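Naming follows writing order (A, B, C and D), and every chain is counted from residue 1.
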Amino acid sequence: MTNYAPQAPTHKTKRAKIYWWLERPDREAAGPKRLEQALILLITLNVTAVVLETVDTIYAQWHSVFSIFEAISLCVFILEYLLRLWVAPEAEGAPSRWQWFRSPLAIIDLMAILPALLYLFVPIDLRMLRTFRMLRLLKLTRYSPALGMLMAVFEEEAGAFFAGLFILMLMLIFASSGAWLAEREAQPDAFGSIPQAMWWAVATLTTVGYGDVTPITVAGKVFGAVITVIGIGMAALPAGIIASGLNEQIHRRRASLERQFRNALNDGRICEKEATDIEAIRKQLGISRRTAENIRDTVYAETFAKMEETCPHCGEPWVQTRAD
Amino acid sequence: MTNYAPQAPTHKTKRAKIYWWLERPDREAAGPKRLEQALILLITLNVTAVVLETVDTIYAQWHSVFSIFEAISLCVFILEYLLRLWVAPEAEGAPSRWQWFRSPLAIIDLMAILPALLYLFVPIDLRMLRTFRMLRLLKLTRYSPALGMLMAVFEEEAGAFFAGLFILMLMLIFASSGAWLAEREAQPDAFGSIPQAMWWAVATLTTVGYGDVTPITVAGKVFGAVITVIGIGMAALPAGIIASGLNEQIHRRRASLERQFRNALNDGRICEKEATDIEAIRKQLGISRRTAENIRDTVYAETFAKMEETCPHCGEPWVQTRAD
Amino acid sequence: MTNYAPQAPTHKTKRAKIYWWLERPDREAAGPKRLEQALILLITLNVTAVVLETVDTIYAQWHSVFSIFEAISLCVFILEYLLRLWVAPEAEGAPSRWQWFRSPLAIIDLMAILPALLYLFVPIDLRMLRTFRMLRLLKLTRYSPALGMLMAVFEEEAGAFFAGLFILMLMLIFASSGAWLAEREAQPDAFGSIPQAMWWAVATLTTVGYGDVTPITVAGKVFGAVITVIGIGMAALPAGIIASGLNEQIHRRRASLERQFRNALNDGRICEKEATDIEAIRKQLGISRRTAENIRDTVYAETFAKMEETCPHCGEPWVQTRAD
Amino acid sequence: MTNYAPQAPTHKTKRAKIYWWLERPDREAAGPKRLEQALILLITLNVTAVVLETVDTIYAQWHSVFSIFEAISLCVFILEYLLRLWVAPEAEGAPSRWQWFRSPLAIIDLMAILPALLYLFVPIDLRMLRTFRMLRLLKLTRYSPALGMLMAVFEEEAGAFFAGLFILMLMLIFASSGAWLAEREAQPDAFGSIPQAMWWAVATLTTVGYGDVTPITVAGKVFGAVITVIGIGMAALPAGIIASGLNEQIHRRRASLERQFRNALNDGRICEKEATDIEAIRKQLGISRRTAENIRDTVYAETFAKMEETCPHCGEPWVQTRAD
């Protein structure tokens, strides 16, 4: 890690400074960190407000407070959006503002302000507006680096998830057809058609089991029991996929770090600069310090084992322990 | 990948051409892709139709539309079946039509048309017919390559799944016997015999928990609580088996690709033809591009580390690659 | 695999012959296989009979058939037990009959006959007798080799399972105390004491969720929601432990087989005898043929890579491809 | 393992002796083991007593027994606390009493006695007191070494768990908003506001599914079905994280032990002292004996394979081990 100077660095331009404050390229700086926390708090309060507004007694009493808070929040979010748009070219690779505008995080930010802005001009349904304000919650994704790994798992295992969903659909149609055949005369209200029977099938195959609708005929119960057992297999699929996907991610990240250690060690030692670089990569990969130490120890052990080998041509030890 | 010519290639025979359209040996060709999508849509519409027909109000009104749609679908599926049968020998290894006829996909295709055909000659129960038409859903398996990995897991871990099912059966009989002993006097309707008590036992051991039947005596509740705790273990078994099975599959596929990279790299570099071959194998194994890159990097790092090794004293290479 | 002679081998003694029939040391022999299947069928029918006897209408009608079937079954099981006791010393290592008598499988066999035998002399409760006859189900464990791996996982991970159970107990007492505090006045019947509240806590923490008892106060619902979320963690523990335990088992077995391949290959090729031995070990370890092939390919690739290395002293290739 | 002398060792000071009894540095000594078991029994009885006291009928009858038992327990726990405080400096590294006082285990011990002590002076609510006495359960964590691994998993994977919790919160707010929109008119009691609808959303997303509140409109059921399917994904997240976290832990511990074996073997054999050291490390890492043997065999096989290599042409060893 480079030495961190506690005071804010001097920036060449105002835009660079605002970029430094808003996008936090320097993760250790105290000021931007506090700004980030304030924004997180504001988003949380916004969502809480929308949730509480739906409680009639609370809304009746605090009504005007909610309105003022919404107005202030909207201003802050608009300002934030405009500033982020302005400073976008400061990012690494100097992307154009249009590129930033199309990025997922920018779209989320836009969705957080657009419906409320539209409302000023077009009278849309207030209920829909509330739902859209709920989307501000998505703004929090920016601040959760730990989400990255889970998202990567979902992305990479998308194929497996879709296959699992396909199997679920197949089982769902099979289960509701069977239940419809068995129960349609005994319970015409709940199993009168296959779409109706699907409510029971979904609750059963996912092991949720509300119990508001259950088979009552013997045939229905026997069939239901089989479906229930299959249900634990269905519910197991995503767990298995996520577990193996996370394993894969961790494995790959570990291999990346291992290569870094091996490269750094090929001259027999890890110099200070190399250690700093590896530390940065470790953080970026989200590998815990303890895991990193374990990888380093393994690479060390291998390298040192090699050091004891001697050249068959001249008999000298293979890797020179740093004479330089 | 070989360069793909946008226009359809010229085929020697008509049969070869139809094979090229129906079985899509060339995954990149645009025409066959659109045909495939049309077939997928038709299957989906078919299943949707069967589901909706069971809703009395819809059936009463659209009745004739459903009949016409079914007639058209049946013709398409029969034509598809006959064409696939005809072009079967075009496949790699030139299988006989009889071999294709016995293949799982062909049997599924036959099941999709046979009951409806039979109905023309023998008056079978319409309700059963509908259920059989539902089986057309299985035709979709042909188009989901991602299902392959999950199916491989189920196949390879079949032993573990059966052992799990055996444990479940054991626990089921144990749980229903205990509940019957404890509750048979308090609730003769729900726990009057062991088979009756099984309905509760299934719902509990699979953690579905409908709640339509629950123990009410103290002994029944204590016993039920123990069974409930065991239930989370039961529900965990398939998750564990799937997770470890998927891991195994991924591990094996990765090892396969690693060997390919190592072979390709043993002359110090990967030529264009080797890269194309490996890419094809990667796709066939269903390994993500990012994972493949990671494997390649690891193999590169190892190989180059070995190649660069020369004795620091006499300058001779550490490992001599065979002179020829 | 040694060549299997289809006719039964000639045994020196009658005892050896019966051992060969009952304990199936030769897994391929057809006669003993059919005997085993007959025994499995008899056990299954026995348990089915006990289950059906508890249905009053069936018992009233078939009453005498059940009695005769039980008498025959008992005779067969007693005969089986005595024969197994007699031939016990034929097993590998020539164990004493006393050693066999104390083995888990022998105890299960004894439990399957003892209660019914006792009943002939002492008039014990018929209901208890039925439950003991249910234990005959355990006799099936002898015939399920696939259970071995799961059992090994449970055995090795026993520590983790107990730690998980301890956490569950802790959470259970915590959850029921909290629910008791919140709901005891609103629902004195369901939450009047901590032991009573445990019924709700068990159903919630295991995600079974019967719904026969649910919190109704606001405090109870808020607390219940938190407990419910913790519940998915609780239910996840055994899944995680089983998944990682199975992984560990598979990893270890694979490493074992890999060592076998390496040893066999250290003279550059796998001779027929070595292949037979490895095949036997593969079956014993319960590794699938495809996994074994993958391991073999990996070991081959490594060994052949080595073959290309040349001796730095004389320049000759390292491993001689079998000139012998 | 060092030879264990069955009689208690002679200690230099009284404090050292009490430390030896209370903190069990020598895991094999019989006396301290029995003392530990007595303390575990006392804690268990204490918690059982608090649980039973809440049953009115039991409390009315045994009232005075509970009081006496509480008084005795309190004295024992106070004595235990004071003794542990006194002997704290005997521990490895000779920590100060203040350091011990702030350790998690010491805080748990303090919480087990403080509320009851306070009650002697300040009349606090008896109900709260009971709840605090429940915390004595936490004293058991000292005695469960198997908890360590699970706790390490929770600690290391904290980031992933928080990301999972964040996703759950997001889904929760999304699910309850949707259900509120769909059901608020049909069921104003259960879905009248978003906070109210959350009770259904929690039960559904965690697959608990009480069934006390379920959607009844068509829109609500369709939306509910989608949420239910997402629920199995939510419930799968912690299972996946725990499985992969445990795998990671096991992998790391295994790598640690492997390094120990490799180091010990680099002179061609494992001497008695080395074996003892490795055994101690194995226990500390919580690796099963069978896994350790597997690791040892793998390391042996690798090392011996290397050692045996001599060039078949000139007879020189392939890898020279350093002459010194």
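Here is the rule we use: a contact is a pair of C-beta atoms (placed from the backbone, for glycine too) under 8 Å apart; a residue touches a chain by one contact, two chains touch by 3 or more.
Here the structure is a predicted model, which means the values were calculated and not measured.
S.K.: With residue numbering as the guide, point to the option in A-C, B-C or A-D that repeats B-D in over half of the contact pairs.
M.R.: Copy of the B-D interface among the listed pairs: A-C.
S.K.: After a C-alpha superposition of chain B on chain C, what does the rotation angle come to, in degrees rounded to the nearest 5?
M.R.: Superposing chain B on chain C takes a rotation of 90 degrees, nearest 5.
S.K.: At the chain C/chain D interface, shared numbers over all numbers used: above half (same) or below half (different)?
M.R.: Both copies touch with mostly different residues.
S.K.: Round to the nearest whole Å and give the separation of the Cα centres of chain A and chain B.
M.R.: 27
S.K.: So the centre of each chain is just the mean of its C-alpha atoms; given that, what is the distance between chain A and chain C in Å?
M.R.: Computed value for the inter-centroid distance: 39 Å.
S.K.: Listing for chain B: what residues touch at least two other chains?
M.R.: Each of 207-211, 235-236, 239-241, 243, 247, 316 in chain B touches at least two other chains.
S.K.: Give the list of chain B residues in touch with chain C in this complex.
M.R.: Spelled out, the residues of chain B in touch with chain C are 156, 159-160, 162-164, 166-167, 170, 173-174, 177, 180-181, 192-196, 204, 207-211, 214, 221, 225, 228-229, 231-233, 235-237, 239-241, 243-244, 247-248, 252, 255-256, 259, 262-263, 266, 316, 319-323.
S.K.: Touching residues of chain D toward chain C in the complex: what are they?
M.R.: 47, 50-52, 54-56, 127, 131, 134, 137-138, 140, 144, 146-147, 149-150, 153, 165, 168, 198-199, 202-203, 206-212, 234-235, 238-243, 245-247, 250, 286, 288, 290-291, 294, 297-298, 301, 305, 308-309, 311-314, 316, 318
S.K.: In the complex formed with chain A, which residues of chain C make contact?
M.R.: 207-211, 236, 239-240, 243, 312-313
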